Every structure is written in C-alpha cells, then in structure tokens.
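Next, two complexes with subunit A in common: one pairs it with subunit B, the other with subunit C.
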Partner chain A sequence: MEKMGFGNVTSTSKTMKIIDTEKKISVLIVEDNLLIQKIHKVMMTKFGTEVQLATNGKEAVDLFLSGASFDLVLTDLEMPIMDGIEATKQLRSMGVTSMIVGVTSRNQDSEIQAFMNAGLNACYVKPLNAEKVTVVLNELKNI
Partner chain B sequence: MDRNKQHRQVALMRQSLFDQGLLDEQFVQLEELQDDANPNFVEEVVTLFYRDSARLILNIDQALDKSPLDFAKLDGYMHQFKGSASSIGAKKVKSECTLFREYCKAGNGEGCKRTFQQLKKEYALLRKKLETYFQLARQVGPVETACRRI
Partner chain C sequence: MAASREALNQQLQQIVNSLKEQGILDSQFWMVHSLKEANSPFFLAELIPMFCHNVQTTLRDLNRTLEKEPVNYHDMNELTMKIKGCTSSFGARRLALACVTLRRAVDNKNKDGCGSALNGIRQEYQTLRSSLDRIVELERRIVSHQA
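Then we have the complex of A and B:
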C-alpha cells in the first residue's frame, strides 16, 4: 500500500509548486533519521513552507505542550523514545487539530492502518516526493 | 567543443547509473531539490548517507558474528539501512536490504550472511561510481554556466 487517507494522487507534474498563501504553512517534521530529515526539510522548504524538526515523538509532543502550533505535522512511525503512533494519539488527545500525515517505510496494510487509527489524516510510504507533497499541501489549503 | 564533450560525458555517466539499475527515481527527486540555495545538495545527501550507514554496516557485521543470531535485531538495523538507501535512490542496495530482511523473517542465517556480503559489494560499487560522477560534474560545472566563446 502506497498511501492512505486523501483521494488518489492525480498530479503527474514533477514541478514543485509553491502553494500561494498569505502566511507560510508551518510544518513540523518528526523523524529520527538525520538523512531523511535533511531531505524532507529541503523538500518542504522548497515548497515554500516553514519547517521545524523533531527527532522523535516525544520532542513533537513537548513542542505542542510548550504552546507551539503547526499547520502540518509529518511524522515517521518508528522512532526511539516515542513512536509515531503514540505521538499521534497524544497530540489528538491534547486537542491538536493540525493535519498529521504519517510517512513510514512500513508498507503492510495492517501496519499503515494501525498508524492511521492513531489519528492521522493520511499516511504515505517513504520516501516523500514532490507529487505526495503537492497532494498534502493542496489538501491543507482546502481545509 | 571540449566543454560540450565533457557535459555530454557527465550526462552519459549519470544515465548509466540508472541504466545499470544502481539508481532509481528517488535520485531524480534529490536532483530536483538542488538549486542555488542548495547547490551541492545531492552530493551532501549521498555523503551523509555513506557516513551514517557506515555505523549500521558495522553493527550488522558485529551482529552477524554472534551466535545464535538475533534476527529481530538484524532486521531492525536493516530496516534503518533500507530507509536511508531508499531515500537516496540506491536501487540495488535497497533490493539487497529487502532480501536480507526476508532471510531474517525466515530465520535463515546463511542467507543473511550471503546477502550482506552482496549488499556491501553493491554499496561500495555505488559509492565509487557516485564519487567519480560527482567529481566530474564538479569539474565541468553546471550546463547553464558553461563558458561562451567571446
């Protein structure tokens, strides 16, 4: 399974489209792998968003507890200290209504469903690419 | 003319990496992220991959030396390694990672060891080819800034 949540990816354009908004979309990337963190950060920045990083679920939860807010949370599933499922559950129980999108290298239906059940808006199999990011940001713009 | 020949050489070298199945579409995604703000992005990411994965390779080597094998631990290491390899588009390396994980699930130690040897070969080969490619690409420079004859 490649994705779950939003409608089918229909965009075939490889052009990175900067989503035109008055205020930059704020994104929290929750990822323990530094390489993937770097790639996702550059990708999201290129789409015109403002990016902050967290290296595990607990850091993400702590950020929200400290009063930070983000339009979009992109979270990995498997992370040390607190994984993506637990972090998503905690964020939702705190009343966080940000769009939370899972990005995982797991591709079994059951694993992705379990992640979705935690409270995600959508879930994608890694790696992120321009098409997936476009769908997510367009979905965010339409909310 | 020499400059054009060099640019073509770089392009052909790049294409051969895809034709030989060493790289996949994800590498193109990385190239599309490279711009004036991040002019060496692809090379930086690849360098980071080889630096980070060296630790994982060592961990897996050490874990494969133990008896009995801890397949859950091995699978965990390889899951991380595969994630990183996928993110730079290292197609053949990623395939070996997948095979290794299948052997882990089957509890096949010999399969794991054999596959890991092959993985290390693919990993080293890709590194060498990418180093050569980046070196040539740096020497030649981007196509847009090629010198014009006055």
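Then we have the complex of A and C:
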C-alpha cells in the first residue's frame, strides 16, 4: 500500500482549523533520521511553507503544549522516546485539529491502518516526493 | 569558465542518467538533487556523505544484531525500516529494493535469509558508492566554479 487517506479523521476532532491562505502554511516535520529530516525540510521549504523540526513524537507534543500551532504535521512512525502513533494519539486527545500526515517506511496494510487509526488524515509510504506533497498541500488549501 | 561549468553539469547528468537506466537510482534522486536550488549549492555534496554514513552505520548495526544469539528480530525489523526509509528517500532504488528482501527474511525470522539479504544490500551499496563519490567530486567542482 502506497497511501491511505484523506478520509474522515477517526479521532475526536470533528472540524479542521481554517487556514489563512494569505500567510505561509506552517509545517512541523517529526523525524528522527537527520538525512530524511534534511530532505523533507528543504522540500517543504521549496513548496513555500514555513518549517519547524522535531526529532521525536515527544518533542512534537511538547511544542503543541508550549502553545505552538501548525497547519500541517508530517510525522514518521518509528522514533525514539515517543513514536508517531503515540504522538498522534496524544495530539488528537489534546484537541489538536492540524492536518497530521504519516510518512513511514512501513508498507503493509495492517501497519498503515494502525498508524491511521491513531488519528491521521492520511499516511504515505516513503519516499515523500513532490506529487505527494502537492496532494497534501492542495487538500490543506481546500479545507 | 561558464563552458567548463556546463561541461561538469553535463558529466553529472550523464552519470545520473546512466545510474537511472541501470535502476540504481530513480527519479527521487533527481528531485533530491533539484533541492539544492532551494537550499545551498553545497546541499548534495553534504547530503551524499550523510547518506553513506547512514547506510554504513545501519549495516553495521544490522550485522551486530544478526550475530547475537538469539537474534532479536524486533530490532532487526526496526533497523531494516531505518535503512529502507533512508535509501528510498535518497532515491537509491536498487538498494531500497534489497532492503525489501531483508524485510521479508526478518518477517520470516529466517537467519540465513537475513544474512544473504544483508550481503545483497552490501553489494548494492558498493556498486552505488563509487558513483556517489564521483558525483560529490563533480558537485564540489561545480560549486567552486560558481564561487
């Protein structure tokens, strides 16, 4: 399986936040691998978004707890300290309505579904490429 | 000066096209290459050594995990996902496919299969490595021409 979503969010959040299309889309990239972090950061910057980085799920959750907000969260699954599934569950239980998209090396249906069930809007198998980013950003702008 | 830079870029394109034709790299690599416009001219010359370090370190960890008795297949699984993600994100197509073979062996808890798959990954990496060294050399020469 290459991709899952954009269907109904299976979390408690029922409405998506309204995106101000005048300002840059803010993106949080949650990824522990520095090579992939670098590629994803530059790619998203090239698409005109404002990017912040977190190296694991706990850092991502802490950012939201500190009052930060993002239009889009791109999160890996396997990370030390807190993985993508746990981070997504916590963010949704905190009432975070940002679009959360999983980007993972795992490609079995059951693995993708388990990640989706945490509260993702969509999930992609790596690599993240221009086509996938375009779909995500278009989805974000259409909300 | 400009002609020489163009010649270097053409050499680079020829190498990458040849690697794509052999299935060693895919279009993801060209996308990654194009990111240097949005970042810095040194982007690829910095990224390639990071990639090589990633692969070498993960291969070492995979070997060590496989050598321990009993084999911890959970750790093998996580390391396999790590190298698979890294190689596919970089655009190293055959290397990423070799990681899929490893994944299957890990899922089947097949120690011999894991050993054989690791050898396959090592071979693919060696095949790619010499071309990557050449690409880095060309990138550095291109950047020095732009300075």
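We take it that the second predicted complex is superposed on the first by the 128 of 143 C-alpha atoms of A that agree within 3 Å, B and C clash if a C-alpha of one lies under 4 Å from a C-alpha of the other, contacts with A are read in each partner's own complex, and residues count from 1 in each chain.
Definition applied: a contact is a pair of C-beta atoms (placed from the backbone, for glycine too) under 8 Å apart; a residue touches a chain by one contact, two chains touch by 3 or more.
Just so you know, these numbers come straight off a predicted model, no measurement behind them.
Visitor: Following the overlay on subunit A, give me a clash-or-fit verdict for subunit B and subunit C.
Guide: clash
Visitor: Quick check on the superposed pair: does A:Ser26 touch subunit B, subunit C, both, or neither? Answer first, second, both or neither.
Guide: neither
Visitor: Touching A:Gln52 in the superposition: subunit B (first), subunit C (second), both, neither?
Guide: neither
Visitor: Of the residues on subunit A, which ones does subunit B touch that subunit C also touches?
Guide: Shared contact residues on subunit A: 33-36, 38-39, 42-43, 46, 78, 105, 126-127, 129-130.
Visitor: Taking the touch rule as given, give the residues of subunit A at its contact with subunit C in the complex, in rising order.
Guide: Against subunit C, subunit A makes touches at 33-36, 38-40, 42-43, 45-46, 76, 78, 104-106, 126-130.
Visitor: Could you please specify the touching residues of subunit A with respect to subunit B in the complex?
Guide: Result: residues 14, 16, 33-36, 38-39, 42-43, 46, 78, 105, 126-127, 129-130 of subunit A touch subunit B.
Visitor: List the residues on subunit B that touch subunit A in their complex, please.
Guide: The touching residues are 25-26, 28-30, 32-33, 35, 38, 41, 44-45, 48-49, 52, 79-80, 82-84, 86-88.
Visitor: Which of the residues in subunit C end up touching subunit A in this complex?
Guide: Checking each residue of subunit C against subunit A gives 27-28, 31-32, 35, 37-39, 43, 47, 50-51, 54, 78, 81-82, 84-86, 88-91.
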